[in-house]
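Here subunit A shows up in two complexes: once beside subunit B, once beside subunit C.
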Partner chain A sequence: MAKVLMKGNEAIAEAAIRAGCDGYFGYPITPQTELLEYMSRRMPELGRAFVQGESEIASINMVLGAAAAGKRAMTSSSSPGVSLKQEGISFLAGNELPAVIVNIMRGGPGLGNVQPSQSDYFQATKGGGHGDYFPIVLAPSTVQEAIDFTILAFELADKYRNPAMILGDGSIGQIMEPVELPEVESKPPDKPWAVTGCKGREKNIIRSLYLLAGPLEARNVILQKKYREIEANEQRHAEFMLEGAEMVIVAYGTTGRVAQTAITRARDEGMPVGLFRPITLYPYPKDAISSLVEQARVFLVLEMSAGQMLEDVELAVKGTVPVEFQGWLGGRVPTPSEVTQTIKEIRTKYLK
Partner chain B sequence: MFEQIIISGFGGQGALFAGQLLTYAGLEEDREVAWLPSYGPEMRGGTARCTVTVSDEPIGSPITDTPSAVIALNPPSLEMFEPRVLPGGLLIVNSSIAKEEVKRKDIRSLRIPATDMARDEFANERMANMILLGALVSMTRVVTLDSVMTALQKNLPQRRHHLLEPNRIALQKGWDIAQQASKD
Partner chain C sequence: MPEGEVVFARPAALEDTPTHYCPGCTHGIIHRLIGEVIDELGIREITVGIAPVGCAVLAYHYFNFDTVEAAHGRAPAVATGIKRVSPENVVFTYQGDGDLAAIGTAEIVHAANRGENITVVFVNNAVFGMTGGQMAPTTLPGQVTTSTPTGRDVKVDGYPVKVAEILAQTTGAAYIARRTVTQPKYVRSCKKAIKTAFKTQLAGLGFALVEVLSTCSTNWGMSPMEALRWLDENMIPYYPLGDYKVIDEVKALP
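Showing the complex of A and B:
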């Protein structure tokens, strides 16, 4: 199939459409607005629902309603807007409703700026709202991955009846790259639990309210069992030049790509460096990282944050090997030369 | 082949469009390409720039602090990017607006009064970006001029198709200037 050039935001929108997204509900915010714009044009053409809500909070609750009715539903925003959606995401998880949320991250905290950032990692991967829950989180590093992971997000959300999130930095939303748009015929599974009108059958009730401790405890036990299942089955990552790597760089999204270029240069200079790039941020690919401690003499975590994913790497490595960190803050994007410099410093410290 | 080209100017000078055209042209030739805009709160009159990567290999970082070529459409862009061009790389300057001479001796450079030429010859200052792009393609051979023309044909919206011919002439103009300069 011929490749076409697409901007990340538009590619995610088109992928969602191909994945059978029945309803999109959103509110504009830079740097993800093109996603909403694309949906506003295409969804009505296809006879599907597009609503620009009066706020992010309204939009996520419309998603909840559509998901409860058994539809594939989606919303997208950027950091401050996703903060507003957290209550709704907690309710989606508590109600066990599948939905896709896209966060094209910008610099924070507060209103911050509109430049690329990865500082919503904690919020995304640790369950950003209240209660014991996790959304499934996928981190694309190219526009093609943004497409593939959006489709996967719908499938995983349905499979586990759980919200799934695409977590991309602003660059992923704005960059334009050639992509292949797959013909998806992923049909949503039957949803006998959906509230679709109960004429001729038992009532379906979707709720997260359990007033007594016992029933709510039982509910949580079921949820936790599901999260253990997700953690066992869905850890994903990519590797680049890991063979013989004594320094293992861990980076995701755009930072992973920048690291890749720096690693290629470092390898040319004979430095044994490789990249471990997480694709699922929840479940974190901790098993694969743990298995690298035999080979690695040092891990180097790179993020456009003050060190959030760093903690998951440390948990996986369990103190067996040193874990170093370099971060970029407030919308600053690393350059290959900066990463090369960091690699050289870490090499001097550990590999000589 | 691996080229990373930064095109930078004021909003409205067509830096982003010229970059997109180059990206589409790379795709025409089945290369790996990426177009990354700088985006921000700035609107018209602010800064606008993009990084275009054209490569035979899958692209790692779409971001560079050492571009192989730069088109500087205005003075701040010249000031910012002249020091960053890779040694042996190329710097093309819109000398109608960016009046400073190029100081570096370890890079190739070409100054073209593109805004003046666009105004005088096309009665449209916004053709300056195409003149400069034609020169860049000539001096880097990152893509062929034919591919740029094809990309233009395919990607200029139908309602703008009356601009195809002037754009084509402007690209050719830039190409010819660069050819002439290389002979001088």
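Showing the complex of A and C:
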């Protein structure tokens, strides 16, 4: 298949279209606006729904409506806008509705800036809104992965009737790379629970309200069972030069990509270092990290945040091996040289 | 009349179940009117209702068709999402004054202005009912509530929001009316308006809303009869009944 040059935001949009997205509802915010713009052109061409909502809140609730109607639906935004969507994401989870949310992260807190960041990790992976729930979170490190994971997000959302999120940093949204756009074969499953009009069946009710403690507890038990199933089945990660690595770098998205370059250089200099790159941030690939404690003498977590994923690595490692951390704040992207320098320092501290 | 012919029955669009509404509350009448209209239009099997947050949150137990529960104020956005991907469905929201006129003002104004082809039944009882009678945007000046213990002071709390008047200003709205259900003549007129609001959607003419002035005897601290009288004497002068916007295509509806 011929490759085409695409910007991350537009590639995600086209991938969603190929995945059969029936409705897109969004609101402009840098650095994801090209996604909305692309959808505004393509969705009407295909006779599908596009609405520029009056707010992020309205947009996510339009997604909820379209998902309730049994259709594949999506919204996209960047950090401050995704904060506004959290109410709707909690309702999607509580109602067990599949939908895809894209967060092209920018620097925070507050208005922050429009530079790439990974500081929404806690919000994305720990629930974000109120209540006991998790969205499925996928973290692309290339434009090709942004395409592949967007398609996967629709499939996983439908499979588990749960919101799924693409968590990319601003550089994933803005970068242009040659990509292959796959033809998507998978079709959405039947959705007998959807509100489509009750012709020929009992009425369907989509709700998250259970007034009494007993029924709501029972409801939560069902949801938690689903999350354990997701955790058992859907942990994903990529590995790079892990063979013989005594230092295991854990990094995702753009940081993982920068680390890969640094690791190549470090290996050239004979340093035994490799990369563990989580693809699913929820469910976190903790089983694979846990199994690496036999091999690793030190873990090094790199993030464009003050140390959020770090906590999940520490939980997986359970104190058996030292876990070091370096973060970049305020929308600053690390250079491979900075990472190589850190690798050398950690090596001196632990491996000599 | 032939012997045994049924001339009055519960609409098929309503469930055979008691409601949780207080004695004297007019939600029940409004539910019934919606049920009758849906039956008469023959649309029960294609209708999707959106239940709000507030006293009508359990409306899905009382309506006998597909329903979705929305977050507080977001019903017009949820309805928009459904209608845009499933235009063959009839989609309506049922919202109270806290839901629609406070937390949901952005959603309702923009749904109206987009000319979203949905129907809204807006129940205005001048108070937050479900949470125990706090001031609503529609609480009248001087009205005592649990959060305006000395009466609504417009200098502090601002003025009651006139939803029908505001939404009639939106270019996208096709049909905006205010009714009540405190007397039989008003009930008949209200049913006609609700029917027009659904017919507006069926004809694809755009956004339709009926504001229904409603009682809350429990939180107003009145008997059911006192509440009906209080509404007529106090709410109707502030919120006059009538048609606030009827586009020509709606006027021409059969």
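Note that in this section the second predicted complex is superposed on the first by the 352 of 352 C-alpha atoms of A that agree within 3 Å, B and C clash if a C-alpha of one lies under 4 Å from a C-alpha of the other, contacts with A are read in each partner's own complex, and residues count from 1 in each chain.
FYI, a residue touches a chain if its C-beta (ideal position, glycine included) is under 8 Å from a C-beta of that chain, and two chains touch if they have at least 3 such contacts.
All values derive from a computational prediction rather than experimental measurement.
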Which of subunit B and subunit C A:277 touches, first, second, both or neither: neither
Partner chain(s) touched by A:57 [first = subunit B, second = subunit C, both, neither]: second
Touching partner for A:286 - first (subunit B), second (subunit C), both, neither: neither
More subunit A residues in contact - subunit B or subunit C: C
Touched partner set for A:30, first subunit B, second subunit C, both or neither: first
Subunit B versus subunit C as contact partner of A:114, first or second or both or neither: first
Partner chain(s) touched by A:49 [first = subunit B, second = subunit C, both, neither]: second
Subunit B and subunit C contact sites that coincide on subunit A, given as residue numbers: none
Touching residues on subunit A, where the partner in the complex is subunit B: 3, 5, 30-31, 113-115, 170-171, 174-178, 254, 257-258, 260-262, 264, 333-338
Residue numbers on subunit B that touch subunit A, as the complex places them: 20, 23-24, 27, 32-37, 39-41, 59-66
Touching residues (chain side subunit A, partner subunit C) in the complex: 22-23, 25, 48-49, 51, 53-55, 57-59, 61-71, 73, 87-88, 91, 95, 195-200, 203-209
Contacting residues of subunit C [partner subunit A, same complex]: 44-48, 50-51, 57-58, 60, 63-71, 74, 77-86, 88-89, 106-107, 109-110, 114
